[in-house]
């Protein structure tokens, strides 16, 4: 009921893998490459051109790559010049500007706004309405919750652009601001509405404005279980590569 | 000028009431039921299918009900499996995921993102860009202002999902975070950018991160009138069922 | 690749200047006037009608004016009754409700939500996801960063509507709330996630909830340069009218 090949535009220079489905009212523009079994839903624009397109006669749209087995939900805009891995999924109305490099198994939630020129590793989940400024670096297994912002201009407005860096397994709760250039270690947990202006060591729980470390996450006791939930990969494996294996065995198997 | 029956898709299994208007570029998908006199504007998707649709051969779209006399503004996405009352209205680009139960006379503002599996009573107004996580419960006459988030995971990421509960007449100002499982009483007023982690009794004004009760709302003096504005239903009746009757008489008439 | 004249609707009463381009799936509705060389991208609605359109037989769409040399990116909705200057640009999915007056050389970022009935001067840049409530007044050369909200109801819900006023050159960082009726002077700098409830004098840096002045911005020392970045027009001129001239000379030339 959604794939009626109705009002679809696919550029002659786009390359679609086997079994790719394209929703109604979607445009797939020049030099887009889409992997096998990927689904692009209704009203999307894939390969949105750069500004130059509007003003230059000799504009050539940079190549855009979306991996296999991905699901791009409706009204999503993905600019040209992005390289995105396999098993990627988006919510609705996601905007991804140019020159992102996004790994495998990532999920980008409804209304999230990625400003381009950033790197995201594997198995990252960005929930709804996350804003990632340019020059951000996000590791693997990082989860980011709604209305969180990665900033990059230390003296607005300036021409300096230094984005935050977030290491593996870190969790950033709702409404957080990461200030320009901050570095968060592994397994950090940032509390709701914190403003993080200083680098944070591994395993720290940080809260407040300005955010301060208050505890090692491994000391946090869950009201539900009476034990610590952290490091979370021991207690959560849905969609993760250590599913049904356990973190320790998976790490051994992969020499991590 | 908006209803030209241009590029409209209506599923054969959809049921439209009398005098329903459907905007250009809108799709009304399988098993959607729309009440009399309802207007669906341009570029909407009503009855958006569940994930299974993309991967299962035998997928059957759950029934979606939108009541009568409603106005769904452009670019709104309403998933299948929702039951929505009469006199409903949305702003633009609203996303409502599956299995919400929404009462009569509710308004959901532009860009709001309802994650499904939640209950909203009658006469609730959610302004722009409100994010309601799964398993939330919202009473009647509750107003929620922009960039407020209802969260539900006490130890992110976990498989626990316990949403907040908000009772009748409560007002939640801009940029507020309700932490998982909190309960707000009746006539509560939550100040801008508060983070609410503890249950709040009726009539409390709460502010801060973490939010603390600071006053009974009935003691708040309005700069404009020199009297208390609260309980607000004595001083605001636009669109409310006690309009032109007054709260007391309306309550008597309705045994409340 | 984007201007295929595919599924475009242009009202007979719309007036398009020379060399205007209109993207696929875009509707330009009654009484819209668009200046020369302006580009309207895909899936936009320009001249979105007021509520009365849906319920009144004699509805006449108020005139909408968008100046010359502007770029409206995809999925943007601009209501009727707006007067917008030249060299205007929007990101994607911007919503601009009725009766705004917006000057020349303004930029409104992706997902920003302007609620109408407000005034914005020249050379203002609103980044992504800025929410401007009704009855706001914004001067010239004002920059506003993501998830900032201009509020207007001092006792929610009431029928009072008094928006904030922001004077020239002021910078408002991410996640800020301006409370109803506050006045910010010239060259103010508001820190991330501040809640501003009191009027702020020229050149103040304000931070916190509630926001308090902490310093004169001219005393802030840049880590990068060892000197103050403020007043910023001495150190930033991209897209500004003093570009390549310098602020002082430009002010002399313009008697400012």
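Structural remarks
Going in written order, the chains are labelled A, B and C, and every chain counts its residues from 1.
The criterion applied here is as follows: a residue touches a chain if its C-beta (ideal position, glycine included) is under 8 Å from a C-beta of that chain, and two chains touch if they have at least 3 such contacts.
If you're wondering where the values come from, they're calculated on a predicted model, not measured in any experiment.
Put simply, chain A has to spin 120° for its C-alpha atoms to lie on chain C, with the angle rounded to a multiple of 5. Although chain B and chain C share one sequence, what matters here is the overlap of their interface residues, and that overlap falls short of half of the numbers used. Distance between chain B and chain C, defined via averaged C-alpha coordinates, is recorded as 27 Å. Counting only residues that touch two or more partner chains, chain C has 7, 25, 43, 75, 93, 111, 129, 147, 175, 193, 209.
Chain contact summary for the complex, chain B toward chain C: residues 1-2, 4, 6-7, 21, 24-25, 39, 42-43, 71, 74-75, 91-93, 110-111, 125, 128-129, 143, 145-147, 171, 173-175, 189, 192-193, 208-209, 220, 222-224, 229-230, 232, 235-236, 238.
Those residues of chain C lying in contact with chain B across their complex are 7, 9, 11, 25, 27, 29-30, 43, 45, 48-49, 51, 53-54, 61, 75, 77, 93, 95, 111, 113, 115, 129, 131, 147, 149, 151, 154-160, 175, 177, 179, 193, 195, 209.
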